[in-house]
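Here it is: the structure, laid out below.
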């Protein structure tokens, strides 16, 4: 019985972390049709932001939820202005350029921070369920992820900024003729996606540690989750994370973590074979 | 006509390349020869992607999967057989079969663009994770221990066919590698000039149209994908001979590198990616030894700059510069306006459009 | 249906028709673009298909060539059911199409275009390189595009591109050719040449031509089918159709009515 509870909690935590590391990429892909391969490095930068902010005495939660997203968001806006904006409509070229950016950031981080893992200790300690121990932080993380997704939904659906953003993505020339500065919208959207990635990095830093090359292990998973989810940002991320995350955890419990990863990746491949447009390409088409 | 120029240039290039290949071992130290062989194996890897992506229009993010499979197959087979002959054959067959399976899955499922990229990338990651997890005695194939993260440190070198006694020296492996690069380059050019190759290029240009003409595009894509897989396998064999096989062969790092080389050299050309692979490796090696600059910064900056400023790559830019130069010279240039008289090509050659197919098609 | 019976030439029976549709329906989500089309032509016939924008002409062509899978109804080509087959299979059975937006290989030369088309038909018949090349040159001559043979098609003028595509489609020697607005964007001279070409094809193969240019239709057509809102409005001799009040209403006054 305790084991069942633990497995369920693990599944929830795993789904949440998959959604967390994917949502920034999903915003950028879903809104702008840009595949940002430097996504993993935005996560990495978020992690370093938290480490340095806490060293300088900033409260951990403030560092994770405010400093890191702001820092990476600004970097995202700079990147959009300097590189991405020249490449709209050229999907492959954007992928290549962001891949270049990814390498550049890895190299720069290695030069600045060194090629070693640094970390912050996870707050909140653990809780015991029967004979099992589980980290309270991971559960709080799941709650935060849920709040982030709900917040994103509210911003996109209920606010003026969200409406402007959606209108611009649907029909840029129409939006422009209504007096919307589309280039600002693109910048801000990209910045927002980057900020979400930065927050993801900050939130997982206590669990995984921070390393210049850490992005590599996240970008592929995030990429797979977003593409499997399809075009809809929130429902796509959620449905794909739920499916892939739970299979991953269950396979990990049944076999080994490696098998868990392999099951995750194979599921994604088979999923794309059956549903080439992703989950939301077939179901909940009109959702966000 | 530019065709004759091209043939002339090719012959000159071939002779120059052969001369360089021949002389190199006598001017370089052993360590430099091995390095040069690594560069050449990378050039073959780049060429394999040039075929798949440049000619076939299939942007595979997982070319390293075939490269790694080739290396591992070679190492495992060579250790087990003691003789490298069949190991080489197997190391081409296994990646080719893998490519054929994956290609069947992708092309018969009509998966394109980004989705194709995700699937190929995912496949490579799966292999990376699997091979990383092969530490310990449980994971041995015959006499070969897969060795997990450390790979197979003592990969046996090539030997003369069916003659286990004569393991080849690094110089000899250099000759083989460089010879194979030449062979593959001219072989690829020939391939693209055949009926098969022309249809492959037409698919890159307009898949729907080729389909409406009644070609089963899936088969052609599968064909070029499989050939590219086998070629990447050969690159893996050569790499295994110079370094050793380890899961990093499947890593995102190699996947990214190949794509950078092809982008920098010029998608749609065959020569460009070879130049890109060799030049960039030399550049990165040079900068790396000079001042502690992280090579990834160099690679990343190069990729960004090329995508932004020279999206077509070096070769197409050089080619058009060359054409412009020639157009200014007193030699009569190619007609700018349509002419009603027959073009000055020998009649029997008139129906062979390979010049524009292999090179001009990239623009 | 009544109009169909009134035209003796076009009266399709399963035995005679080269292509025939029965109750062809195409739905996109909730929108029914084709609402039960009964249509047929006999071998060697040249039929014009007209109708206002949104009548479903291009959709109809896409169903015939397998680019869309019909939601309902039958398509028979040479007596065989082809509805829903992949476009490769349909092309191989002998239907060629010139699409509305020219579908070409912008990086290849005109000669390479023709080669791709000729090779399919010659190689299927067991021919080899030399025969293919000879056939390519012949097509370039007869279609009057020999002077464009070595030009990159992406750099040609619109009318020339139309001719290259038409040449490519005919070079594949299909039994049925579908032409979707072949005269669009052509100069007057080019239109006349096109008309002559289309007329010269009649008899060797069957053609269905979608066109807005009434001048062009007068030059080539005998029987005209009018599509309106996804249905056959009428089908008759070209002069009768052009005089018909309903047709004029559809095209002019009441075109905007849903």
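By letter and in written order, the chains are A, B and C; residue numbering begins at 1 in each of them.
Everything that follows uses one rule, which is that a residue touches a chain if its C-beta (ideal position, glycine included) is under 8 Å from a C-beta of that chain, and two chains touch if they have at least 3 such contacts.
Values in this document were obtained by computation on a predicted structure and should not be read as measured data.
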Chain contact graph, described as a line, ring, star, complete graph or other shape: line
Central chain (by mean CA position): B
Rounded Å distance, subunit A centre to subunit B centre (Cα mean): 33
Centroid distance [mean C-alpha coordinates] between subunit C and subunit B, Å: 42
Distance between the centres, which are taken as Cα means, of subunit C and subunit A, whole angstrom: 49
Parts of subunit B lying in touch with subunit C, wherever the complex brings them together: 195, 198-199, 201-202, 205-206, 208-217, 268, 338-340, 342-343, 348, 350-353, 356-357, 360-363
Subunit A to subunit B touching residues, read off their complex: 35, 83, 86-87, 90-93, 95-97, 99-108, 110-111, 216, 219-220, 223-224, 227, 256, 258, 261-262, 265-266, 268-269, 272-273, 276
Footprint of subunit A on subunit B - complex, ascending: 59, 105, 109-111, 113-115, 117-119, 121-123, 125-126, 129-130, 132-133, 251-252, 256, 259-260, 263, 292-304, 307-308, 311
Interfacial residue positions of subunit C with respect to subunit B in the complex: 65, 67, 87-88, 91-92, 96-97, 99, 103-109, 111-112, 115-117, 119-120, 123, 129, 132-134, 136-137, 146-152, 168, 172
